[in-house]
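By letter and in written order, the chains are A, B and C; residue numbering begins at 1 in each of them.
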Amino acid sequence: MHAAARPEFAIRDLLHGRRDAAVGTRAHDLIRELYPICRSLTGEGVRESLKLVQKVIPLDIHEVASGTRAFDWVVPKEWNIRDAYIKNARGERVVDFRHSNLHVTGYSVPVRARMSLGELRPRLYSLPAKPDVVPLRTSYFREDWGFSIAHRDLEKLPEGEYEVCIDSTLTEGSLTYGECFLPGETTDEVLVSTHICHPSLCNDNLSGVALATELARALGDCRRRYSYRFLFIPAQIGSIVWLSRNERNVGRIKHGLVLVAVGDSGDPSYKRSRRGNAEIDRAAVHVLRQQGFEGRVREFFPHGNDERQFCSPGFNLPVGSFMRTPCGTFPEYHTSADNLDFVRPAALADSFDQCIGIFEILEHNRRYLNLNPKCEPQLGKRGLYRLTGDVHGGGKVKEMPMLWVLNLSDGDHSLLDIAERSELAFGDVLAAAHALEQCGLLKEIE
Amino acid sequence: MHAAARPEFAIRDLLHGRRDAAVGTRAHDLIRELYPICRSLTGEGVRESLKLVQKVIPLDIHEVASGTRAFDWVVPKEWNIRDAYIKNARGERVVDFRHSNLHVTGYSVPVRARMSLGELRPRLYSLPAKPDVVPLRTSYFREDWGFSIAHRDLEKLPEGEYEVCIDSTLTEGSLTYGECFLPGETTDEVLVSTHICHPSLCNDNLSGVALATELARALGDCRRRYSYRFLFIPAQIGSIVWLSRNERNVGRIKHGLVLVAVGDSGDPSYKRSRRGNAEIDRAAVHVLRQQGFEGRVREFFPHGNDERQFCSPGFNLPVGSFMRTPCGTFPEYHTSADNLDFVRPAALADSFDQCIGIFEILEHNRRYLNLNPKCEPQLGKRGLYRLTGDVHGGGKVKEMPMLWVLNLSDGDHSLLDIAERSELAFGDVLAAAHALEQCGLLKEIE
Amino acid sequence: MHAAARPEFAIRDLLHGRRDAAVGTRAHDLIRELYPICRSLTGEGVRESLKLVQKVIPLDIHEVASGTRAFDWVVPKEWNIRDAYIKNARGERVVDFRHSNLHVTGYSVPVRARMSLGELRPRLYSLPAKPDVVPLRTSYFREDWGFSIAHRDLEKLPEGEYEVCIDSTLTEGSLTYGECFLPGETTDEVLVSTHICHPSLCNDNLSGVALATELARALGDCRRRYSYRFLFIPAQIGSIVWLSRNERNVGRIKHGLVLVAVGDSGDPSYKRSRRGNAEIDRAAVHVLRQQGFEGRVREFFPHGNDERQFCSPGFNLPVGSFMRTPCGTFPEYHTSADNLDFVRPAALADSFDQCIGIFEILEHNRRYLNLNPKCEPQLGKRGLYRLTGDVHGGGKVKEMPMLWVLNLSDGDHSLLDIAERSELAFGDVLAAAHALEQCGLLKEIE
């Protein structure tokens, strides 16, 4: 439907809440809805979450059967859970899945048993250095069970017998992921990927899910040179499965972003793709540099999120990662403290702007040819230049982008090349190019 | 005449006042002579100025008729002015062209009128932030008239009627520029360009005119590998006109320098050509770096002086710009404070040395081949090396340039390459090359 | 013998005294033995020294006759000395060769004379700024004689007549050097060169001689991909002579190190080869950088030790120089203060480790191909990865080298490339590659 609507808006109209001031609060509302759901690599929690996203954007939901091969991997069994607890001798729940799904090790096999604290102890996982939080724990690829618990609560458990229950199933089923495709003027694609497998953790990564949703909604209404493909997938196995099913078409992916941890109050950051200086890298670095955030750019390393798979040597896709505070470097990471208070509407709105700023560059980064390359053209007679030699006066600022565009539009330089060399904002360079094109001084080339 | 004289001097003999200690004072004297003349893009003031230069160096003076096309531009009408003033009700001149030609907006159309201060006010141009100076103002490409005035004087003007007179003409005529060509051993050229269109402003750019004159005088007496072409032109339109008339021969220009603001007391500085690392750029950077002025090197930007035209993409000539304090960054810029006191003989003499230092590199930057490339040659038996292993003694300094020249003269490295890698002064590297060539260890190659 | 023994040890087993804790003390013992011998460019002292080395490692001792041409040079006469002194009027030795061979200018012609202090004075060489030490002085290429003396002693000499004796011979003979060749799996060679011509000076360069001896001893017991060639030569003329006699085979030299001043207590340092970024340079820089000694890396310059000849443009061999405190920058340099106390067993042992660390990289720096390049392989099922998603736990460190090796083993990157980009230690990268190779995920390629 989006493509058919002949959208009127240019992508830069989406910036700074000009068209929609509610992006941040709406993203936070979606996080709030998704927060209580128990998600994992597979299972009903993922399906339920994707259906909430589907209310906002057109989303194809795919199911891939357990046991399906994907390169070196196999789609695991589907895991579902209804309840889990540890009861003390008086029958009181001292650890309760209903309070937080973080209490159960992800992919725990079903268990029903009575045991002493001594027997139970090796199954209880806590963080002595962060005694108040419940840590995330998973065991996807080895059948196991366990509970996470705040260390302070663990220390309070008296000796005695406990009743342990994990009412889960681990059975043949399927892995579920969502895909939203927005066709553009060309079949060249921008890939946006975000993981949807974590349970009640907000920054990692309901923030990514909510931001991707808002970006897809907004881009649906815009003119698009590129097609955009949004993936809502379980981490690692999801990108591996998606790549194995779409191997023939990955050549269409010209640029990509993995979105993770985009809702905290830290400054925006960017991790380069394996290529290091791909156009997506240069666009993201330009956007951050223009705001003084050059120090927030990190080199690629083969750890982290799904960029590990997109950037594996057999694919080497130009996929970077946009974050605010990088995963693993904020103390709330993978604990119950990564909650609804930790992510903020203003941060989500800013992340939206950063991504739109990057997409704007990708959409408009073309090469132009100066049609009057010998000496400067007379801008004044075309109304593009102050007419008096009054350098103490105003109006000069916008001349510089025009002079740069004219000087470097020799066929070798794209607008991003020009923005980089001149250290001017891409938007100013783009506006200059459009003004010069309109008066016939510049022509777009292949 | 200069070429025929079989000059005896090498270019480096011109350094440090060795042949002529009076360069700085003579340049300042020429500035003093030129200072009162009212110059503009065109007109008698330019002709009169060029004739003063012609007394010192061989100068061809060219006239290009108004209306002549030059790329996207047209040669403007010729402007001349005899007198201009604003008289108060008592008939006293409160603004007087005879005191300073800066008082009249350049290219003002003739006017004779009586008007109230209220009507006159929009025609009076001052700088409230610099209340004591008269600012430069021009209106070359839109017919207009006006006066510049010190803000403090403007504020003192009482209400009442004023008599306004600009006794100017703006008619078909011509644009005038001067050209001094010094043929060398080859037809490859070094271009030196300086603008001559500013009225009573000393650093911008009578300093450039005087320095170019002294350089041309001195080079006329030297052996020259390159031919040197000095242009004395009105800014921008002058270089545009010159390029349009000499388009076929610009391929001869191997290196170029625009000279502006070369007489103030600031440290020397250099703005790179559009190419960024052309030989002229490397030569100038080497000269500045050897004096610790590496921080005074600026990247190219497509604004400034005539390098804008020489470095337009259709020409992309290797033309940089030598200055002391860059235009626009000293408070006196384009005001009456850029006067005879603001430029100093010592600064002009130092600018002369900087340029000669650059030219020396261009003249002598050749490639040599080490004829004994396997192990070091025995310098001692040729009298080029200390004979005792006495490292605590003297004489060692000059061995290093020889060892560097021998080590890098493999056909891939020019003397400037060697000076850059070794961080030695080009002059020392050159002296080493000459010593080694004389004893048959080195041979110049193409 | 070494090659036939089918050695069992890998080169890295030599690190950190694992196989042999006595390297440093043994090297210091050898220095102590060599210290009293009077060495020079040629003569019995060199032969005697080489025979001591020959007790430890297999060493071919070569003699090259005086007068033999070597490129631009000629092998000098052989110099030998039995005794030398200056006696005062009472027949007491006030300068005595038997106390220190530094007292005699190297290559002094024989002399027997009586002369006044005034006549003798120009032949007495001292360092007023370092009044307590006897400076080294040589006159290899001009026939001369003289004495070195502590400045404090020089000032004490009373007027009067002195008896001067230098009981030396300077005759047709030969230049002597030693060569130890350890064949490896390939004929590609690593060259290690050290100069043996200095008399009683410990850091420059008995330390180099002792370290080269210990390296050759240890490498003799190791598996070796490369052949290793150790040269014990007189400085400059020795490398010139060796190169002239081995010109046809220098193509086998893939990497090389000159060892000088490797026994003082300063931090290790490295001077790059002329090539600047040869594999030997990258290996040495990696080893130093991993220890925080990146600031101890120096660019090539064509002065110093035998790297001057190996890196002359006609050879341009990839030969760098390993030192601790560079020659010429420690106050003891070329004086009697460079004695047995100035070099330390611990420093010699550390220099041994630095060199072995460099050789380890050269031996193992190969390219591998990731056989599962599309997405990551499932390391967990191969026992190479933690199985629970427990990032707060341990064991993570060693995963990073595996992920890096997998990510960059695309055929374009060697293990050193990977170590450089990841900033991981080469040893960790190598261990990861071996682990991955063993489980069939990686294959070595050409």
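One rule holds for everything that comes next: a contact is a pair of C-beta atoms (placed from the backbone, for glycine too) under 8 Å apart; a residue touches a chain by one contact, two chains touch by 3 or more.
Since the model is a prediction, treat every value here as computed from it, not as a measurement.
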Angle (degrees, nearest 5) of the CA superposition of chain A onto chain B: 120
Regarding the chain B and chain C pair, does the interface count as same (over half of residue numbers shared) or different (under half shared)? different
Just curious, how far off is chain C from chain B if you go by their C-alpha centres, in Å? 54
Identify all positions of chain C at which a residue touches two or more other chains, and write them in rising order. none
Chain B contacts chain C in the complex at 370, 372-378, 380-381, 387-392, 399-400, 403-404, 406-410, 422
Footprint of chain B on chain C - complex, ascending: 70-73, 105-106, 125, 127, 135-142, 144, 236, 239-240, 243-244, 247, 274, 301-303, 308-309, 311-316, 328, 334
